[in-house]
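We call the chains A, B and C, going by the order they appear; numbering starts again at 1 in every chain.
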């Protein structure tokens, strides 16, 4: 029968295709049903956080950092509670990474702070002697792409029903609403308000000045993102 | 062997173009590989080109450069050579297929060059081996479809009734990558939906755990159908051809092929062990990975058995050396991968340098060596010139072999050490090492790896030089000198 | 070529030797470590072994078989049977796969979270038994190891705060912090949630009846940071601060913290709630976040308290 196929390229190709497509179906489809439900307390990213996430992606931090705490005692000791599927419900794309040249960051917001990140991103070895992480000084002067972040929030809201402007119940029972204004100008004003809080805990004068002028340096957006990784 | 008496006038225009691309992207991709390897040992090297020179910007350029530049060009170059020969038709017989071939090359080159530029600029979707944003994805689809037209076009006008083993593997590579690529790159352009922001930005169609599943279903099989099946296609042609030997066992070829097709796709779960995907799916990844050893080894063994009794060829012909050691490295990485896929081993190996170690056993030892050998074999026949220097080939072989050994042994040590240090607890049950402790110990191994990479890269430059010299000053060959198995090469 | 074989074996041995010399002392009885070392050995042995087998055939055997009819570009095919070793191994892996699937990690019964819970339970039990009556010295050692992993990234390996990037823990308080607290008040939950210290407007000197003056502030700051010496500062302290912090500055439970020395309660409170001050922000290490247990918190506190003794 195989020899028969080898003389008939069309059926041969169909045979190969069915063989490989079959596994894909079984492997992927079943989990789509249950995996996407958010856990309690998981909320969509604010536009500033999305801008920061895009900085994280543009500079491929995921090349060195994972965001997936595996259920081993040594990992929960180091990084905190193991990761749950529902926590990633609004992660498009997912950022688990596949290599830990640096530590996991899935809950880094629990144990690092704005000013620590400021020092560390400016010059890692000044806080962690022996670090091999590159310094990211350019993030202190380049502005984050706020409009694209806004576009992204609107898209996930429209296309994937990400629950913006909706009350979301947190783990402690309180409720939080992530705002997504109808116009970009309003959204930008909100981002600036959020950014100012972060810039206030920072020391770099250029960053503070930029925020004062209505621009948000990449580092501020990135820190907003790192801080909510909890 | 009556087939060689009236050789067709094969048309190698497109092969030649892809051959240049293979060498060019090999140099670019691996030079960047060496740079990032040195950056991990000496972080000051991150600041040579401002924001464009950091490890994290360069790493995706390395992976894309070697996988989609070097390897895929090599696949295309050999396709346009092997395809014509084992189907016994010439591209020259079909003006349509000639146009398709040239267009294929043009769109491909444009895409890869744009990929390099956009990755430098930090335009990426972050998914490994699928970093390109949607406009480039579309270009990829175009050149992939053109390749498909070329494959099935040539098959359509073939003279050889049965398809040779190599053709099976090329077809599989074409189909699988097409399917995987389409599903993994489902993205929604944000500017289109919202009317705001940059036009090329997109978000993934899938979220979180689902996104991870699709990504590693893709990622694992991208390895299978870029770094494995087309390379198997190459060895099934170039080794018997260069050595003049008969393929050892049709049955083994057959079972290995269909076994590989059936088993490979199920194994993707081994990238997600102890993640948040369902337990049964992870176990499935482990189980199928182990079963995968044999279909993988089948091809390698078939090739080694083909060389039975040919020890003298192995000693005298550097091309055969590349290919035989290549299949051995293929065996190494297809045993190593499955064993790393066992849950308790993956618990340690995942996230460590042992994985890049495994990756480069396969890519440097198998993919790299096979492509190098294929191009050495084709060059005299494409340009009708004798290979410029056999002794340079020998030098290259040994430099690169030492390079691979340094690369993989250092990464084994680094990975296992790091994995164990992360897990280690002291007498009180506390973690013994802070993260930075586990970074600092790796310095010697990162340095060794970089040196190994540098040796391998030196070999690549020797290879490029040898090919360049062959094309420009190699002794011109008569047609009859080309109808031999062993590639004509000058001894100096 | 024989040399290659020998070299390969030597390299393999050297490789495993180096790995072992590095990790030999941390492998312990961790199954994952043991299996991984075993895995490394198996990969090398099988690959090299099988490779050698075929090298041997290349040297001593001769290919033969019945030719198939086809021939492609000069390449022919033998109709040889499957190598028996290959076929048997294939079946063996399938059997193994079935075992793993139904018995090793049984499809319906295995859960990685269950495995994790088991791991933690076993560990906790062992830990409690072993450290039921832990001595202060042991607490201190345990604390040091907690400190180096969790706190050193901010406070520095020597706990000096790395150039004021975080608090200097070798000393109870520095002048910037004391001044900052007096000027701005403080509400970090150091003695319990919601118990705050007022800012300077609420700090009345009972001797004068006025809120604290600039001059008094600098006097009291010096007094505290010099280790509670200086008569003028002492007067201000008695008038303004002692009502809450106690006459000697060692604090009053549920009223105000000890500002003379570190105490276990103070440090565990900092770990629980975090702390925002003149230097910056200290993140919390809440027990719920699962990074530090109560014992570990107590241990790291003991370690910090001991640091003061060391520096005196």
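In this section, contacts are C-beta pairs under 8 Å (C-beta built on N, C-alpha and C of every residue); 3 or more make two chains touch, one makes a residue touch a chain.
As the structure is a prediction and not an experimental result, all values here were calculated from the model.
A.B. asks: Touch graph of the chains shown: is it line, ring, star, complete or other?
C.D. replies: Per interface graph, the chains form a complete graph.
A.B. asks: From the centre of chain A, which chain's CA centre is farthest?
C.D. replies: Comparing chain centres, B lies farthest from chain A.
A.B. asks: Could you give the separation in Å between the centres of chain A and chain C, each centre being the mean of its C-alpha atoms?
C.D. replies: Taking the mean C-alpha position of each chain, the two centres sit 23 Å apart.
A.B. asks: Determine the centre-to-centre distance between chain B and chain C, using the mean Cα coordinates as centres, and give it in whole Å.
C.D. replies: For chain B versus chain C, the centre distance works out to 38 Å.
A.B. asks: Centre to centre, by mean C-alpha position, how many angstrom separate chain A and chain B?
C.D. replies: Taking the average C-alpha coordinate of chain A and of chain B, the gap between them is 30 Å.
A.B. asks: Touching two or more other chains, which residues of chain A qualify?
C.D. replies: In chain A, the residues touching two or more other chains are 71-72, 77-78, 128.
A.B. asks: Which parts of chain B, given as residue numbers and ranges, touch two or more other chains?
C.D. replies: 162, 274, 284, 347, 423-424, 430-431, 436
A.B. asks: Would you pick out the residues of chain C that each touch at least 2 other chains?
C.D. replies: Where chain C meets two or more other chains at a single residue, that happens at 112, 123, 149-150, 153.
A.B. asks: How about chain B: which of its residues touch chain C in the complex?
C.D. replies: Residue list for chain B touching chain C: 1, 3-4, 85-86, 88, 160, 162, 164, 237, 240-241, 244-253, 255, 259, 274, 279-280, 282-284, 286-288, 290-291, 293-295, 297-298, 301, 304-311, 314-315, 328, 331-332, 335-336, 339-340, 342-345, 347-349, 405, 409, 412-413, 416-417, 419-421, 423-424, 426, 428-434, 436, 441, 485.
A.B. asks: List the residues on chain B that touch chain A in their complex, please.
C.D. replies: For this pair, the touching residues of chain B are 39-40, 43, 46-47, 50-51, 54-57, 59-60, 122-128, 152, 155, 161-163, 168, 171-172, 175-176, 179, 183, 188, 190-191, 193-198, 201, 203-215, 217, 221, 254, 258, 261-262, 264-266, 268-269, 271, 274-278, 281, 284, 347, 350-353, 355-356, 422-425, 430-431, 435-436, 439-440.
A.B. asks: For the complex, which residues does chain A have touching chain C?
C.D. replies: 71-73, 76-82, 107, 110-116, 119, 127-128, 201
A.B. asks: Can you name the residues of chain A that touch chain B in the complex?
C.D. replies: Listed in rising order, the residues of chain A that touch chain B are 2-3, 6-7, 9, 12-13, 16-17, 19-24, 26-28, 30-32, 34-36, 54, 57-64, 66, 68, 70-72, 74-75, 77-78, 83-103, 125, 128-136, 138, 142, 145, 147-152, 154-156, 158-160, 184.
A.B. asks: Quick one: which bits of chain C touch chain B in the complex? Just the residue numbers, please.
C.D. replies: Touching chain B from chain C are residues 1, 11, 15, 18-19, 22-23, 26-28, 30-33, 35-37, 39-40, 42-43, 46-47, 50-51, 54-55, 57-63, 65, 67-68, 70-83, 86, 89-90, 93-94, 96-97, 100-101, 105, 107, 110-112, 123, 126-127, 131, 138, 141-142, 145-146, 148-150, 152-153, 296, 299.
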